[in-house]
Each structure stands twice: as structure tokens, then as C-alpha cells.
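Take a look at the structure below.
Order as written gives the chain letters A, B, C, D, E and F; numbering starts at 1 within each chain.
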Amino acid sequence: MSLTPPTVTDNRTTLVEGPAAGLLRQTSTSHIGLRVPDVPAAAAFYERVLGLVRHAELADGGARLGWGGGHHVVDLLPGDPGLDHIAFEVRDPGGLTGVEKRLRSAGLTVSALDESYLDSLDDTAGSAHGLVCTDPDGNTVQFHGPVRRPGEHAADTARRPVKYQHVTLSTADLVAMTDFYVGVVGFRISDQLADGGFAWLRSDSDHHTLAVVRTGRGGGLDHYSYDLAEWADFKSWCDRLTDDGVDVVWGPGRHGPGNNLFLFFDDPAGNHVELSAEMEKFHDDRVDYRPRLWEPVPRSVNLWGGQLANWRHTSEGS
Amino acid sequence: MSLTPPTVTDNRTTLVEGPAAGLLRQTSTSHIGLRVPDVPAAAAFYERVLGLVRHAELADGGARLGWGGGHHVVDLLPGDPGLDHIAFEVRDPGGLTGVEKRLRSAGLTVSALDESYLDSLDDTAGSAHGLVCTDPDGNTVQFHGPVRRPGEHAADTARRPVKYQHVTLSTADLVAMTDFYVGVVGFRISDQLADGGFAWLRSDSDHHTLAVVRTGRGGGLDHYSYDLAEWADFKSWCDRLTDDGVDVVWGPGRHGPGNNLFLFFDDPAGNHVELSAEMEKFHDDRVDYRPRLWEPVPRSVNLWGGQLANWRHTSEGS
Amino acid sequence: MSLTPPTVTDNRTTLVEGPAAGLLRQTSTSHIGLRVPDVPAAAAFYERVLGLVRHAELADGGARLGWGGGHHVVDLLPGDPGLDHIAFEVRDPGGLTGVEKRLRSAGLTVSALDESYLDSLDDTAGSAHGLVCTDPDGNTVQFHGPVRRPGEHAADTARRPVKYQHVTLSTADLVAMTDFYVGVVGFRISDQLADGGFAWLRSDSDHHTLAVVRTGRGGGLDHYSYDLAEWADFKSWCDRLTDDGVDVVWGPGRHGPGNNLFLFFDDPAGNHVELSAEMEKFHDDRVDYRPRLWEPVPRSVNLWGGQLANWRHTSEGS
Amino acid sequence: MSLTPPTVTDNRTTLVEGPAAGLLRQTSTSHIGLRVPDVPAAAAFYERVLGLVRHAELADGGARLGWGGGHHVVDLLPGDPGLDHIAFEVRDPGGLTGVEKRLRSAGLTVSALDESYLDSLDDTAGSAHGLVCTDPDGNTVQFHGPVRRPGEHAADTARRPVKYQHVTLSTADLVAMTDFYVGVVGFRISDQLADGGFAWLRSDSDHHTLAVVRTGRGGGLDHYSYDLAEWADFKSWCDRLTDDGVDVVWGPGRHGPGNNLFLFFDDPAGNHVELSAEMEKFHDDRVDYRPRLWEPVPRSVNLWGGQLANWRHTSEGS
Amino acid sequence: MSLTPPTVTDNRTTLVEGPAAGLLRQTSTSHIGLRVPDVPAAAAFYERVLGLVRHAELADGGARLGWGGGHHVVDLLPGDPGLDHIAFEVRDPGGLTGVEKRLRSAGLTVSALDESYLDSLDDTAGSAHGLVCTDPDGNTVQFHGPVRRPGEHAADTARRPVKYQHVTLSTADLVAMTDFYVGVVGFRISDQLADGGFAWLRSDSDHHTLAVVRTGRGGGLDHYSYDLAEWADFKSWCDRLTDDGVDVVWGPGRHGPGNNLFLFFDDPAGNHVELSAEMEKFHDDRVDYRPRLWEPVPRSVNLWGGQLANWRHTSEGS
Amino acid sequence: MSLTPPTVTDNRTTLVEGPAAGLLRQTSTSHIGLRVPDVPAAAAFYERVLGLVRHAELADGGARLGWGGGHHVVDLLPGDPGLDHIAFEVRDPGGLTGVEKRLRSAGLTVSALDESYLDSLDDTAGSAHGLVCTDPDGNTVQFHGPVRRPGEHAADTARRPVKYQHVTLSTADLVAMTDFYVGVVGFRISDQLADGGFAWLRSDSDHHTLAVVRTGRGGGLDHYSYDLAEWADFKSWCDRLTDDGVDVVWGPGRHGPGNNLFLFFDDPAGNHVELSAEMEKFHDDRVDYRPRLWEPVPRSVNLWGGQLANWRHTSEGS
């Protein structure tokens, strides 16, 4: 049962933004934990192809990688392929407390986040610095306070993305997921497909830091994305991926929702990795926005003619 | 009395899109007629500074300028400073007929456009190729069918804009003006200031091809705008304007509504001329948009900190 | 029977360059004639989308287009969709005479080219300025001397390609076609697919100005291509094609043979049009090259992962 | 009483370069110490907005920041807002000794610089590595030998300037200040305002590494400046400052003296921070220069039309 | 005998600016006449390599070329290789009258310029539109009023320069030449070599539009120069010159005086042609400049290490 | 006696690729050891001019430098100027074992590489991680397995190259050297001069990672090269080298073999250092290449007109 049932008319399923919508405005993706069958192979890929740096060895043979300074970005954990956790950095004043209160009010279980996840906290205040919970699809979601990332955002035309930018979750119940992330946690909906099959959610000035797509498979990752600095980088990345024997499987293209340039390739565990640039900015401090509805057609997710990836079989991809 | 009175709540004046909204989707600015006290001086300015080419001498000492090929862009007519006419090129199939029908249905006077205004019509079909009417502020507005502009869109980093892109009209009755341009002619509202003091209207994929701003002075021009190809051009233009002794009076900056980069300078008759790039695109064939409301503050019209031009004294500029 | 039968070993069909190979070194594509069902629609497309300029009206309702100055580029002729003729500009000293001599020695019929095709000849010498013949697939091929193209090569990031660069012919007998173009006319082979299904031929410093691909269909066009100035233009072109309602059907990508960046779209008559940049240069005055053999796999024709166009069903396109 | 009294004629006050002028040619800004009321807030700003990295905690709650490697750039010290010290790196052979000798000859007090300020000295020679004195306005000025800055100059289009480039001091006695910095220390005058209200001083190939402006307030900072790599960065910085809620208060523009592109914003303590690029280079090893005199008008300090910051109330800003 | 004899001290020969210095501030190069042994070959070179357009055939087999619109740029006249004339466009109000008066006062012969040289005059005022005289070396020099050049300044990364920018004359008596151009005509000296062997003269905001170099050979051309838009063009031009079989004989490099990027090649008649960009700007309306003296060493004329062209044997090139 | 004697016909000396040719496909330059008379001066140069970071002090006063993270790049060792060693990183699966086996089969002495050279090995497998041998000219050559270089490839327009890319060895017996590196070690020949005086060898997708040039002097370095990201960097590097008092001694230009842009300068020990970009890529997994033969003329090694460095006195430089 949905807190905020969508409005359904004709062929349209208009998602409704629940009560907490927009309470987070300075919150961004922080890090991601992936379970992979072969950690050394995956770590070598993220080091050599993505340009990440080994920050630490984790228990059981896992590997932690990042920008070479400040907070980490990716944990690679041994196991069957899957999503271990996602995490958001909440820089809104009082934001972490607010998230915790709303999660508890919604009857959800919230735990203190193990401090081992937080390697570059930007404040030294007492009490808990992070919290962890589970979303309706069973994904583990972490929220924590400001961290330092001095190595982030270094423009690198050849080897390293600018930042980890968004994660797109695969779901079988998109309304439940938006109820949670919008109605309780505090994201807003920037765009949706008009059939309710895809929703792009924002928590800072980027068009989306989180998206959910209805694939029929609940829980886990659809893809996740790193930012490049600009279009010029798309050529140097495609050429270098070719040098490294990595196939571009979708793009270069331009998404409708978010207006961002994109290309996709797969990591050795089969995770779809996106590189992105020019994402639309939202200025919630001076504009009143309402979610836009996009036709569920290929030319919505690829404005430049609608070419799709082979693995894309969701509502817009028919 | 308004066809589509705005919704007024608290401090908000939400404009309502009238019945014809969105019927024009392939319509753009075509040319503009300005009355200037000193035609030779103004013509020399448009030739040397803007890089326009003298296409023809007009009666009474007027001058017609354009890209050097195809349809003209600016008519300079002798007289007290003022706006002589604005004109739109309607490329929507059946669009010109539709506009004429709606204007007549609204009880407005429509005349056939004098063919002397149309120097590069793209079709040779019979009957009238253009029409002319008067908007609620008394501005003369022309609409005509497709024309050829082979010289347009040539990227020029040093001397010539890419195209004539939009016109912003000064008004004392913004609701009457949007009633006319949206409710009757067929534009849509992309953005408005939340106090109803400014509205940006679109007729193709550009965020706006026409805007209206409440200055208290009905009729005439607030400013008009040419496109540059990209940000890099802003430096070469500012440097060259300096060489030519022309002061930049506002910018470089970035507008909130339209997200476009901008700079402003004045022509010898005192018209404010904008140079613009990166305007937001709308994809009405695949998305359902609603007008956004921007706070009437300086940081809405200049996202980069709110610096304004001296001559900007409208609602957002307090 | 081939003049220069290929060497066949295992799975390899190595084309042999016939006696005239390399005699043309300053020869490039000049213009192309296409038969299209709806000339006005096609002409409007080439004007608005490709930025070509109407140079002349042709008999029977045809249209001739070009860069707005100098020699024309495209003739659009009324008729069932098809290739009317291709043409090359021979700037090699004595080159035109040599081509004629070799064609006649090979027993082929050569006629003087109707002067109406030559609108900007760069010399005023007497006698015939061009010749016309038929290639083994029955395509009409014109050769003519130097022409003026002052409007060519103007860099245009938004609206016009830099030049007409190559044509790729569809054939059922690739060996006969290379016998003709290499062994008799004087092109060289830059690259071939190792199964003999595709050959890229050069006549100046560009990797290819002509290619032949074995599709099973003899005669006519596979696609033809215009040059853009650089990678940055690919984004502005894709965005503008989207504005104009034209789908990109392949790319952006990078070809193996020629190393050129590419994207493809279709004109209203269904011709595949390529936009290209960064093509590999050959320096035959200071290097001795031999044709390279590429594996007939998708990742040869698209280095960046092998994505192909839907319409590509040739040997490399499994 | 001035060592080198200016030449005053009509409205012109021509500064005279004292005896040491030009003795420093390989000397640049090194670091700066600012007293700020809220160190954590200021440090967070310099980390997040300027992209500096926390190098060390200082006594009494101060914070030291830099490029993440090599010598530090900014010390933030608790206290009422003000300038704590400025520092120059003297790479001229024998330069440090020369500065010390000239300061002492001028009867000024010179102390050995506390080694705690020098965290990446590039040589290990014995004796004092730095010295400290007080300028005529009472500003603390440090000079030290070559240091390592491997993290400097990394081009970063999104998050970090290229280097700390110059400091502009506020003064009530501009002649006394130039007497000191030019006549004793060894800078040269590159440019001045013709009324003697502003002087730009160089110590290496940059047009200025130090400037002094007559504000009527003696001692302390007018503003200080970081280099960006190029004009393209100005857009990405303005956009990112907007994301971070920081207003651009002046620019983008281009200064006359130095010809450098600029923009200004304020740190949380109210210090004016400049971002700059394209500064004019001087080649004193092969050219003989004399200071240029600029009219004290707005269009001297902003070539592009003369727009000024609100806080600029000096002689040129009337 | 010199009007304004230079100051000679030690090894320095400081040129003195004569009475008319700086009276021209809006004057630029207009066109150039070259005598060449083979007009068709030279014309083909300027068409194909420089991208100029044939404007007219001249008497006796000469050819006039330009930007394809507006005033012409180059006249190629049959004859032994040599300079036929140089010409300047005087846009200073009253400037042409002033030049004539000063020439006559100096006792020089001045004639009305044959109107056939003026194909795009920008005004229609009566009386003479141009004048012609002879400089001390016997070079024919034309001055005329404002002309239209709508085709100028189109940025073209591949085929055409932006404008004709300066001419450098070869002389045996540099003082006489600067006496004439500075003391009588009204140029200013921007820079000189310290031995008096080279002087760069300005007449608008560009560092020089005319230069004179002491080669021992009086009269005629040392080289002349066209502007490119930016550094990126230097690569595309070098690559295209290679395609066209034209050797770059000097550069890319950066000049000290003028700070402009440069490269040189020769036309078929052996004239040295320069391509240039980023020339230093002078703002005489707001700054008081004095000529700078450069050491006569290779690293003055090529800041990047001093590599020189083989044909450069003047004072700095030892 | 050569394993694979070249084919000599007329003036052509065609090198023959020995049995191991092409067995290395994922092998690149790793680091280089140079003996220099003044280590502190050389280290300061590599720190300040090349932007390398001091990684470690070596015995006897040597210095080890690198990118600031991961494996080192340059060892500077005290001694008479000379090459101490070169090293390659072998990432081919089983590649290191294969190299060792082939070296031993060829009767060469192979030792385990001292682990002190390997500071960032990417695997922890047992047994030897590297090996060292001597090439026919007596150069010490190291091969080792994959290492981490997280700091490599960071694009830096101002201060640091992207990677160490190739080394060119000086030899008196070019056939013996190619026998060793191609026939035994496993490189391939990409290009050669037609007189056998220069050969460019590849071991990954770059046109060459190693070259050998016949200078008559066996053993030691001709030059070595770092990659820049793109052409735009050539201007900023030339300008900055000028700031640092370092002369560009050759270029900017474009090499024929490799097609790479280049410039050269010298380090304080007189080693020629190249900066390079746009090197041609080879796709050996999908193409069959044969070495190309270039004429031994200046315009082969500098496509843009043939200008050479003063120190280049090899076969092509006559």
C-alpha cells in the first residue's frame, strides 16, 4: 500500500511526491559496495580502466578504492555478483537527524553506521555520524554526514572520472521505492516516464542522484554512473576503452531526462557502468518545479535517434 | 479582460496557458524592424560590430541587413527610436493558416503581408505567404512561411552571431500579451517569474523565441538577442567589442529561465542587444511540460550571483 | 575475369592492386547525382539539415545544390530512388588525359562530359574538360579537371559540413570493381576486409575517397559522406539533427579502416549519409604503403565496441 | 619621506622605481595567513569551494591548507578578520641573502623565519631558510627559499585553481609601500594608475605578483588571487560556485593592467578572492620595460565596459 | 636627414616618435598588390591554399582576390617578383584628410587614388576617397576611407584566415622609414629592437599593422601576415599545408614583440606569408605607452627557444 | 650475424621481423635510469619543469621521481652522463615468462630483477617479478610485471605530462638491435626508414614504445618521450618552458612515422626530452599490418616542412 498512490489516467501513471519531498537539497551519492566473484580482477579493472586508487584492503579479500585521497568510492567484496550497499552524503544542516527521524516515524529500522565506512568525516561532532537502513526492495542504504574528497573533481581527460554521480536501482515496485526515497527520505522527482516505469530523483542541484527503473527484478543495481568533465572527454574515453579492450555497449548519446551525455560499458562482474556529462541543474532555492512526464519510447532515453543498449528491456525500450 | 486569467495566490501569479497553447512547434524569429534616428550610423554598427551584410537599400533611406545570403534579418528605418515590427517564420505544416484562423476568430484584424518583406521564400505555392496583425500593445507582428537562410548558422568566433534568436517585448499588461501570444497565436509558456512580471514563451525547441516583461511601458522592445555558438565565443566577442569601442553593459552571466549564457550591449540607437548561447531545449514531442515559476529576485535572471544591468528595473531587479 | 585476381589463402582474400594503382594522387570526390522521388522534399532537407545552398534549378524539376559559391555538390533528380552519377575532380597534372587513355586502352567507352556539369572550372584550356564512363556495375562515373570551391572547407560547427569527402558503392563483384578503379583508373587500396568483402580506395592523402562493399546488390550507393571539422562538432550536429527531427541511426563511433569518427543518418529518399572527421592521412610521396587486412568483424568497422547500424548486413556485420 | 618621490605633473603622479627595482626575477607568492572568526567554516569553504586540502592542524584551532602535496598555501588562524602575513618564495640565486641585506641596509628589522612555516623546502643548505619583516603598513612579510609544490599547477576545470598567484594590499600611503617593495625588496612596477592610486608590481614573468591600492585604509588585504588554466574554466567555476551557493560579485571581465581575465567572490570571512587567467608575461631578460600609466577610470580595471564590484571605491571606480 | 633622429647610447639606438605619432588610431591594413611571374599559378595558390576567392580579372592578366564579399585583399599583377603597393583603410574621423595634409606639409607628392582600387567604399561622400604616395624607400602606399568587408573575420579552422593583418617592409634606412610612417603618417612605435634594426608600428589596437626591418635591401616586402582565430588552427593549417604540398618554413612559434603566435610559408613567387594569432592589444584611449626595446637576439623574435627561419639574416638572427 | 637479415635491394634495406615478432601486445615503457653529473640540479629540473614528484632518495645521492603515487618513472643516478637502464612493464598474460624463455633460448644471460626497482607491483604472486638483461649494444634492459600507476594519465595542461611513452636508443648496428627487440623479445616493427637507418617498434597499441636510430654511436639514449594530452597543451608547455628559461630546440611539428605531434628540449644533463601527442594506434587483434618504409628525408621525420633539430644528424637529416 502506497503512502502516495500515483494518479492513473488513460495511459498515464503520474507519481505523487510524498510528504518529505525536497527536504534533502545538499545530499549526493557517496560510495557503493559491489559483491563480485573475482575481487582482484575487478579491482584491477577499476584501477586501470576507471583510474581509481586502492585505498585499503578489506576483510575477506575485499578491496576499497577511491580518488587517492579523502573518502572512498567503491568497495569490492567477494561473493556472488550483486549490490552490497549504496550510500549518500547528507550535507544539509540537520539533514542526517531529519532522515533518521522520518525513517523511524515510518516504522523502519535504523542502525548506527559502522564507523569503518567513514574514512574522511568532515566534522568531529560526537554521537553517530551515519545510519543505515533497508529500502523496500531490501537494498542496504547508508546515510552519513559531510566527508572530505579533496581528490574528487580533478578534471582528467584521459583516465579518471570527475565524481561518482548517480545510482539507478532495479525494481519490481516503483511506487514503493519512490514512496520510500521521496516520501520518507526526502528526495524529489525530477522526471518520470509517463507509464510510471522509470523515475529520476534528485537530492541536490543535479537532475538525479538516484533513479529507479521497473525491470520486474526487485533489488539490486540497474547501472551506476560517473561524471566526466565535458564532451571532449567522450572521445578520449572511447579511444582509451578500446585500448584497454573494453567495449562501449551504448552511446555516446544524450538522455532526455537529465539531458546528460552518456556512454555505457560493463565491469568484469557485469555491472553496467555509465559515464555522463552536462547533467541538467535544478535551482530549488529560486524555482518551483513539477516532475515532467516523458513518453516511454526509445527516443526519450536517447534523444539522438533512440539507439538502445542490448540489455535495456524496460518500458521505454520496446 | 483576460481569456485565461492567471491564478493568484499569496504572492504568486500563475499564468494560465490559453486554448491555442503549443499549436506552434516549428516557428522561430525571422526578422525585426527598428526605427533609428541615424540609419547610416546604425547600419555601419550592424555591419562592423555584428557582422551583418547590407542586403538592400529601403525607401526613405532605410537599410536592410542579413547574413549575406537568404532572408534578411534587420530593417533599419529612419524615425524616432522604436520598434517597427517583429516577424516569425512559421514552418509548422498548416501553421500559417492556423494562425490566421485563430487571429480572425479572436476578432483581430489580419492583413496579407506585403511581399516586399519576403525575399527568400522556400515555397512557391500561390495565395498569401505571410500575414500581419497587431498585438495588444500595438506592436506590428508578421508571420510568414518557410524561408531560406543558407548564410545563417555559420559559426563565427570573431565577427558574426549564429542566428537571430529571440525578442523580448516591454509591456504594461503582461496577461493580455500572453493571452494573445499563447492563447491565440499558439506559443507555450516555458517559464515565468512567480509574480507574473516576466514570461518566456516558446514556439520551437528553444526555451523561448519571445519573452514579455512588465516594465510599465506598453509596446516596444525590451531587448532582442542573437545566438553565439558557444562559451568560447564570449571572450572573443567581449575583446572585439572592446576593440570597437562598444561597452558590455551586462554579463557575461547565465540566465535562470532558459539557462542561457548572456552578455548585453547597446546599438547606437540605444536598443539593448543580447548575445546568448546554450539555451535549454524543449522536446514537446516526447515530454509533457508545465511552466516553472521563478522567484522574482536578481539571482533568477543572473544565476551567477545576481549582478544586473543598470537599465534593468523590473520586478526581479529590486 | 579479373585483371588482377586476388590471392586467396585459407580464409583470406587478398586484393591485388592492378597496373594503374597510385597514378592518381591529387584526385578527390567532386559531386554526386541522386534520383529521388520527391525533389522539393529532398532539396529542403539538404538546405535546412545539411546547410547546402540552392545553386540552380535543373531540367525536369531537378535541383542543384552546393556551398553557395564555386562548383556544385549534389544534383537531386526526379525519379525512383537511385544513384545517377558520381564524379571526381582530377587535379593531378596530366591526370585527366591519363585516365582517358587507360580507360580506352581497357576497351571501355569514354565520352566527353557535358559542360553543363562543370560550373566552376579552374582553367580555361581548350578541348574537353571532363569525361564520363561506366564502371563494371553500371554506375555512371565522371572525371573532370580542377574546379573552384571557395565556399568549401569553411568550418561550421552548427549547420554545414566542411566538404563532400567519399562515396561507398554497393557491389556484387568487388574484384571487378577494384580492377576497374585501381587497375585502370588509378586509385590505390588503403585497407580491405580480409575476406575481400570491403575495400577502401584512395586517390589523394585521405585514406579513402571511394569504397566498395560487397552487399550482393550490384550498382548504386551504399552510403556517402561529408567531413566535419572535429569531434566537438559531433555533439552540435547530433543535437541539431534532434532539433530537426532527424534520427542518428549509427554512431557516434570510430571506424577501424580510416580511423575516422562517424555518425550516420538518412535523407528523405533513404540514402545513408555519413558525417566524418579525423580520417587517416597517407603520404605517398614519402612512404611505401601496402593495403592492410582487417578481420571481417563488427569491431573492425566500429572500433568502439562494435555497435552497428540496423541496415548493415555485410560480411563484417554478423 | 620617500626614497624615490614620484614625479607629479598636472594630474599625473608617476611613480619612480627605487634602487633595488628588478633585482628579484624569480620570486613568486608562496602562501598567505588569514585571521578568520570561524576557522572550521572558513576551512570547509576552502576545502569544498576552492578544492584545497587540509595539510595540518595549527595551534589554537588554526588550519593549514594546500594542494595536497608540497608546501602549504593558506593558513586560517582564529581571530578578528584580518591579514596575518604574506609570504614570497625567492628562487633567484642569492636572492634571499640580497633581500636580507637590503632590508637591513634600509634600517629595517629582519628576523629568521620560524621553520614551522616551511614544510617543503627544496634545499637542505644550512643557515636560515627564511626571513620575516614588516612593511610600512605593518603587514608581516615572509621571504623564503625554493620549496616543492608538486601538486601545484595541476589543471582542474572543475574544482581547484592552478596556483596562488598574487596578493593586493590596501594602503593609505602608496608611495611608501612601493618605496619598500620596489626600492628595497626588489620588485618592479609593471603598471600604475596615472593618479598614483594603484600600482602593480612584478617579481617574475607574471605582470604582477603583488599590487598595492590606495583605499585610505593602511594595512591588510584588498583581495588575493588564484590562477585558473584558461577561459573555459570561467564557465565551469561560475556554474559550480552557483551550485555551492557562492555569489560571483564581479566579472567575468578582463583587467587592463595585466590583461588578465577575472572573476571575484568572497570567502566566509569576507575576504575578496579573485580567479584569474591569461596574465601578461614580462621577459626582462630580453626587453627593457617602463611602467605604463593607466587612466584612473572604470574601463581601465575592466576593459569590457567598466562594470565594477560594489566594494570597489578607489580612484578608478568613481 | 632625420626629422626625429634616434637616441644612440652604448649599443642602443632608441627610435624617437615624430610629431604625428599616434594620430591614427583606427587604421588597419586593407589590401596588397604583388607582382608575380606567373599570375595563374599564384592565383591558384591563393585560392586553394589561402582560401581567397577570385573577385575580378585585372588588366594585363592580373587577378584580384578577396573574402568572397566586400573589399578585395590581394592583387596579383604580372611582372618580376616584387611589391606593387600596400594600402591602409583609415577609419579615424577626419583621418584621411589629416594624412593628406601632413604628407603635403612634409613636401611629399600626393595623388588621388584611382577609384578602381576601391570596390566597397562604406560612405558615399563626395571628393576623393583615397590617396596615394610613395614612402622613402619608393614603395607605393595607398590610404583610403572605410570599406565594407562582410566576409572578413569569418573564423575558418581549415581553409581561410580571419583577416589580412600586417605587412613588414624591408629597408636599408629604418630611421627614414619610421620618420615617414610615424612622424608624418601617424603610426606609433610599439616595440623596436634595441639596435634599431626592427620596428613594429601600430595604427589601431593591434600591436602592429606595419613593421620595418633593416635588411640592407631598401624597398619591397620582408613578409606579410594573415590572422588565424586561435592556436587550435595552427595544427589544422600545418596539416592542410602538408596536404597541399606547402612547407612550413618557420614555426609554429611565438614572437616577443607582439606576443603573437606565428608560422611562415612561401607563396609560389617566393613571398614569405605569415599566419598569426593572439597579437597583443593596445588601449591608447586609456593607457600611456612608450616603445619597448628588445635585445637583438633570436629569442626575442621567437620566444620559444629562438629557432629562426633560414631566410632570416637580420640583426636579431645572428 | 643477424637472425633475420634485412632484404637489401637498390637503395632499400627492408628489415625482417624475427620469430618472436608480435608476441608482446600489452607491454609499455615503465621507467628509465639516467646517470647525471649533478643529481640535485637534474632532480630540481624534473620536479619544477616536468612536474615529477620526488618518490625516494636513492643510495649515493641518487633521486627517484614519479607521478606522486604508484610506480616511479625516473631514477637520477650520480655519474657521467649516460643511460643506466630502461624498463618495460609486461602486462601480457604469461608475457614475462615468455620473454625470459626466449632470452635464455637465444643464449642470453638473464637475472632476476632486484625488487628495489619495483615499488608498486600489481600482483603478489610468488617467484621473480622482474628480470634484467643486456641488449646487443650493452644497454641494461629490465622487464617486469604489472604495476600500479594511479597518478599516471592525469591530464595536466600546465605542468605534468600524461605518461612516459617511449625511448629511442642510439645504435651503430640497427639490425642487431631489431633482431634482439623484435626477434627475441617480441616487439613488432611499425615503421622504418627505407635505408634501414631508423626503426620504430611497438609492444602495445601505440605506434612505438621503443625506437632505434643509427647514429654510429652504439649504446645509450637518442632521446626519450612523454605524452601530452592534446595539441592545446603544446602552447601552454612552450609558454611555460619559456617562463622556466628552457629552450624548445625542435618543434612543434608532426612526425611522419607515428603521426605524433612533437616538441623537444634538453634536460640539464643534455638528454633530449620529447613531448608528444596523437600517436597512431595499432589494432593487432583485428588487423594484419606490415612495416611501412619511409624515405630517409627530413620531411619524413617532420611532416610540416622538414625543419629539424640541430642535433639531428642521422640518415634522414641530410
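Please note the rule applied: a contact is a pair of C-beta atoms (placed from the backbone, for glycine too) under 8 Å apart; a residue touches a chain by one contact, two chains touch by 3 or more.
Computed from a prediction, not measured in an experiment: that's the story for all the values here.
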item	value
Least step count from chain C to chain F, where 1 means the two chains touch	1
Set of chains adjacent to chain A and to chain D	B, F
Most widely separated chain from chain B, with each centre as the mean of CA atoms	F
Interface residue identity across copies chain E, chain F - same or different by half	same
Chain located farthest away, centre of chain C as origin (C-alpha)	D
Interface copy of C-F among A-D, D-F or A-B, judged by whether over half of the contact pairs recur	A-B
Superposing rotation of chain D relative to chain F, computed on C-alpha atoms, to nearest 5°	120
Centre distance in Å when chain A and chain C are each reduced to the mean of their C-alpha atoms	45
Centre distance in Å when chain B and chain F are each reduced to the mean of their C-alpha atoms	59
Chain F residues counted as touching two or more neighbouring chains	154-155, 239, 242, 281, 283, 299, 303
Chain pairs that touch, as defined at the top of this document	A-B, A-C, A-D, A-F, B-C, B-D, B-E, C-E, C-F, D-E, D-F, E-F
Chain F - residues contacting chain D, complex	40, 44, 47, 51-54, 68, 154-160, 236, 239, 242-243, 245
Residues on chain A engaged by chain C in the complex (per definition of touch)	231-232, 234-235, 238-239, 241-242, 247-250, 252, 254, 261, 265, 299, 303-307
Complex contact set, residues of chain D against chain F	69, 122-123, 146, 148, 150-155, 162, 204-205, 229-230, 281, 283, 285
Sites on chain E touched by chain D in the complex	194, 256, 259, 281, 283, 286-290, 292-295, 297, 299-300, 303
